[in-house]
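Both of the next two complexes hold subunit A, though its partner changes from subunit B to subunit C.
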Partner chain A sequence: MRAIDHYAWTNRWRDWHPVEKGLPAISLLVLTLILPPLTTAPLVLAGAMLTTVYGAGIPWRTLVSVLAAPLMFLLAGIPFLAISVDFASGFDLALSPEGLQLALVTALRALAAMSCLAFLILTTPLTDGVLLLRRIGIPAGVIELILLIYRLIFVFSERALTGRQAQAARLGYSRLDRSVRSLGLLGGNLFQRALEQARRLEIGLMARGYTGELRVLPPQWKPSWTRLVAGMMGVGLVGLASGWLARSLS
Partner chain B sequence: MNEPLLAVRGLEYIYPGGVVALRGLNLSIERGQKLAILGPNGSGKTTLLLHLNGLCKPTRGEIQLDGQPVGYDHQTLNHWRRRVGLILQEPNDQLFAATVSQDVSFGPLNLGLSDAEAGERVREALEALRVAHLAGRPTHALSFGQKKRVAIAGVLAMRPEILVLDEPTAGLDPHGVTHLLGALQQLYEAGTTLVFSTHDVELAYAWADQVAVFYEGAVLRQGETALVLGDREVLRQSRLRPPLLLEIAEALGNGGDHLQSAPRSREGVLALLQERLAGNS
Partner chain C sequence: MHITEGFLPPLHAVAWTAASLPFVFFSVYRVNRLMREKPEIKLLLAASGAFAFVISALKLPSVTGSCSHATGTGLGAILFGPSVMALLGTIVLAFQTLLLAHGGVTTLGANVFSMAIAGPWVAYAVLRSAKGLKAPLAAGVFLAAMLGDLATYLVTAGQLALAFPDPASGIVGSFLKFAGVFAPTQLPLAVVEGLLTVVIVNFLREYSGDELQNLRFLPKPLVSEARP
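Here is the complex of A and B:
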């Protein structure tokens, strides 16, 4: 999660308007879902991954590790699609061609869809996406809350980490029973600190004239039609290539 | 004498639990001065600073702005906080927004400025603290020293007449301290009144125009830096040690009536020392 956040803030396309990255990514995702998967999904997967690495400058390792986590779930689930169970003649396990095809299609689709989302989260900070929510009419209070939570996650994960280190330095995790106890103490302590932090943050904000609204200047994006059109043309190209491939294979 | 810009008269504050934090405290903050509030940990410095822009309401006593006692209604508080900016010791207690420039824009927008004006203020404040290059960075990826400067910029963007800083140098390395003091010195030269709390007598001696020595919720003595820090009795009572530079200057014959002309920088004291050594040989 730290790595995703780091690259989201520092990648080459960081300053692009989120729509310029979001619209092509979502469009690719939709293509994956509506076009024949066997030809489309590999193209989408390749397109999204190459764009992430060579376009936005995200290292391969990071991209692969981001995709690896959901891939585990996929690998755990896919075999059950390939196997069919027949209860008619007692109990019969079988690998059917249809089952195999279904498993392959599902796996390809899922992987391609994940690569689209990985592109989006690795190139766009969460807060940029959230600010777009305001445009589509989500109330300001909800958005303020999301942004505040985002900020405080980092304050508390830092505290949790140093707290854990301080406990470990005093052998708090040397045995299972001690680990359970230490973890409980750490949780309780963090809860107290959260309340304390909230109180102090309110003082800090009041000193700057806080009256119940957390208004800040929106990011200064310079939207570019060129980039958006180029992105959508790329998506169109993937769609056309998929159609051509499907026709020439059949 | 000039009327103080901000004055504290007979301030008493008792925490809800019954702990007495401030007992009959008097303090004058004069326009265009650097005032150090010097005292050991737990002597009530932070509680006093919270009173200076109305975040705490005194149990007894009053605070005067331009000689007029201030009230605690919504409008007065807004006006007051516009003129007196407070920076907390822990920057995480102040930074809340995702990026540096967004966080700094919070104060100016609360003043009711337009987006364009607020953006101008943000640029100006970030430049004054020499952190303009961090504008687009996420707040959570900053170092402690950077967070501290951004927190100050967030208050500075409201263009206060008085900047109140709680332990501004705490937790900074020597380079960070030099950097921060350099930026604050520029603000001071541009006319901002500075008030800062510290337990570092060397810092107060080198940098402040005036010092108020604090102990157990009261000011023991306020006055010109060299005079107050040369007052052994006051320092002993407040459990502070006299600054080393002052002691050396005294040993070299700058004590007594010459206290005020004693050099206050390392360079000054070294020059004095060399002069004496050359004279003796």
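Here is the complex of A and C:
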């Protein structure tokens, strides 16, 4: 979590308008989903990864660790797309070519889609995107709620880690039953302190004339059409190349 | 159990998003009204949302060795009620996607449906009926959290089954396949989560009963009512 947030705030493209990064990333994601994955996915994967590393200056290691986040899920789920089960005559397992094809296609599509997501989350701080939600009609109050949650997540996770360390030092996680108890106490404690924090925030804000609106200075972006058009052209190029590849292979 | 980015075919991703939207919109409307009536609720909800995120990021002690995380859906439904939980859960799931790369943008709708809608409603219904049957609070909380967790897992297996029906045995076979492959991690996880929620709720009743009284997101606070 720290790594993703860290690079989102410090990468080379940090100061770009979020739409300049978000629109190409989402368009590429949509292309990945609707075009045939066998030809599109490798191109998308290469394009998104190269842009992330050489464009935004994210280290390979970080990018690979983000791409590997869903690995457990894929490892568990993908083999079962290839294998088919038949209950008609007892319990039959069969490996079919169509199943293998489906598994390959799904794995490729998931990986390519993940690379688009990785580009987006590693280059754009979460708050930048949230500020755009107002444009699509999310109430201002809910946006403030989201930004507050973002802020508090880091406060609480530090507390959770400290508490966990203290418990572990006292052998709180040495057995399964102790672990459940320790974690429960940690959770209860965290919630109690979360409520306390909320009350302190409330008192502090009330003292400053809080009436239900938190006024903050929004960041000043200089939108650049050149960058947006260049990004979209890159996406178009990937789409055209994959179409050409599909035709020449078939 | 998050469905990863790009795993669902486009049609399914869109359909699940459409299925979740009404619940989330209703929740936005309700939370927005709550916050207008009482501005301080915003801070309480923010603290609760951040808490839900952190608790779901904590690694659970697991029997099978694979690392697994709590979902917090049961606890959320017990403390705040399912209609508030739809929005809080959606925010938490979006944050998990954007900060931890768990889940995805296109699969957010499907994940919201299983974790922020189905799970909390089941947990809430179980807790309600346990209260109706005069079961001890701990039993009700345990069952609510455990069955809420199981509901989440079964709905996810169902979503995967609908998207990838088995060529030989169809959707049913596919459902059994996916439910089976995730069962070794999800079944113990549900029990652990149930126990964990009981410990948390007991702790809260013992040490912060007053705060629980103030958590009036529910028409009738389910937990604080039964204080000794």
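The rule is simple: the second predicted complex is superposed on the first by the 228 of 250 C-alpha atoms of A that agree within 3 Å, B and C clash if a C-alpha of one lies under 4 Å from a C-alpha of the other, contacts with A are read in each partner's own complex, and residues count from 1 in each chain.
Just so we're on the same page, contacts are C-beta pairs under 8 Å (C-beta built on N, C-alpha and C of every residue); 3 or more make two chains touch, one makes a residue touch a chain.
In this text the structure is predicted, and so the values were computed from the model without any measurement.
Chemist: State whether A:Leu201 touches subunit B only (first), subunit C only (second), both chains, or neither.
Modeler: both
Chemist: Contacts for A:Ala48 in the overlay, against subunit B (first) and subunit C (second): which applies, first, second, both or neither?
Modeler: neither
Chemist: Figure out whether A:Pro219 sits in contact with subunit B (first) or subunit C (second), or with both, or with neither.
Modeler: A:Pro219 sits against subunit B, while subunit C stays out of touch.
Chemist: Pick one for A:Tyr210: touches subunit B only (first), subunit C only (second), both, or neither.
Modeler: After superposing on A, A:Tyr210 lies in contact with both subunit B and subunit C.
Chemist: Given the touch rule stated above, what does A:Ala113 touch, subunit B (first), subunit C (second), both, or neither?
Modeler: It touches subunit C, and subunit B stays clear.
Chemist: Based on the superposed arrangement, let me know which partner A:Trp9 touches: subunit B (first), subunit C (second), both, or neither?
Modeler: Once the two structures are laid over each other on A, A:Trp9 reaches subunit B alone.
Chemist: State whether A:Leu31 touches subunit B only (first), subunit C only (second), both chains, or neither.
Modeler: It touches nothing on subunit B or subunit C.
Chemist: A:Gly187 contacts which: subunit B (first), subunit C (second), both, neither?
Modeler: After superposition on chain A, A:Gly187 lies in contact with subunit C alone.
Chemist: Quick one: subunit B or subunit C, who's touching more of subunit A?
Modeler: Result: the larger residue contact count on subunit A belongs to C.
Chemist: Is A:Val235 touching the first partner subunit B, the second partner subunit C, both, or neither of them?
Modeler: In the superposition, A:Val235 contacts neither subunit B nor subunit C.
Chemist: On subunit A, which stretch or stretches are contacted by subunit B in one complex as well as by subunit C in the other?
Modeler: In the superposed arrangement, which is not itself an observed complex, subunit A uses residues 5, 148, 150-151, 155, 197, 201, 205-206, 210-211 for both subunit B and subunit C.
Chemist: Per the contact definition, I'd like the list of subunit C residues that touch subunit A in the complex.
Modeler: Listed in rising order, the residues are 1-7, 9-10, 13, 28, 31-32, 35-36, 39-40, 42-51, 53-55, 57-58, 60-61, 63, 66, 75, 79, 87, 91-92, 95, 97-102, 104-106, 160, 164, 166-169, 173-174, 176-178, 181-182, 192, 195-204, 207-208, 211.
Chemist: In the complex of these two chains, what residues of subunit A are touching subunit B?
Modeler: So the residues of subunit A in touch with subunit B come to 5-6, 9, 14-15, 125, 127, 147-148, 150-151, 154-155, 197, 200-201, 203-211, 214-217, 219-220.
Chemist: Applying the document's contact rule, which stretches of subunit B touch subunit A when the two form their complex?
Modeler: Touching subunit A: residues 50, 53, 55, 78, 81-82, 85-88, 90, 92-99, 101-103, 105-107, 109-111, 115, 118-119, 122, 136-141, 154-155, 158 of subunit B.
Chemist: Give every residue of subunit A touching subunit C within the complex, in rising order.
Modeler: Those residues of subunit A that touch subunit C are 1, 4-5, 26, 29-30, 32-34, 66, 69-70, 72-74, 76-77, 80-81, 83-88, 92, 94, 96, 98-99, 102, 106, 109-114, 116-118, 120-121, 126, 129, 138-139, 141-142, 144-146, 148-153, 155-157, 160, 164, 173, 176, 179-181, 183-192, 194-195, 197-199, 201-202, 205-206, 210-212.
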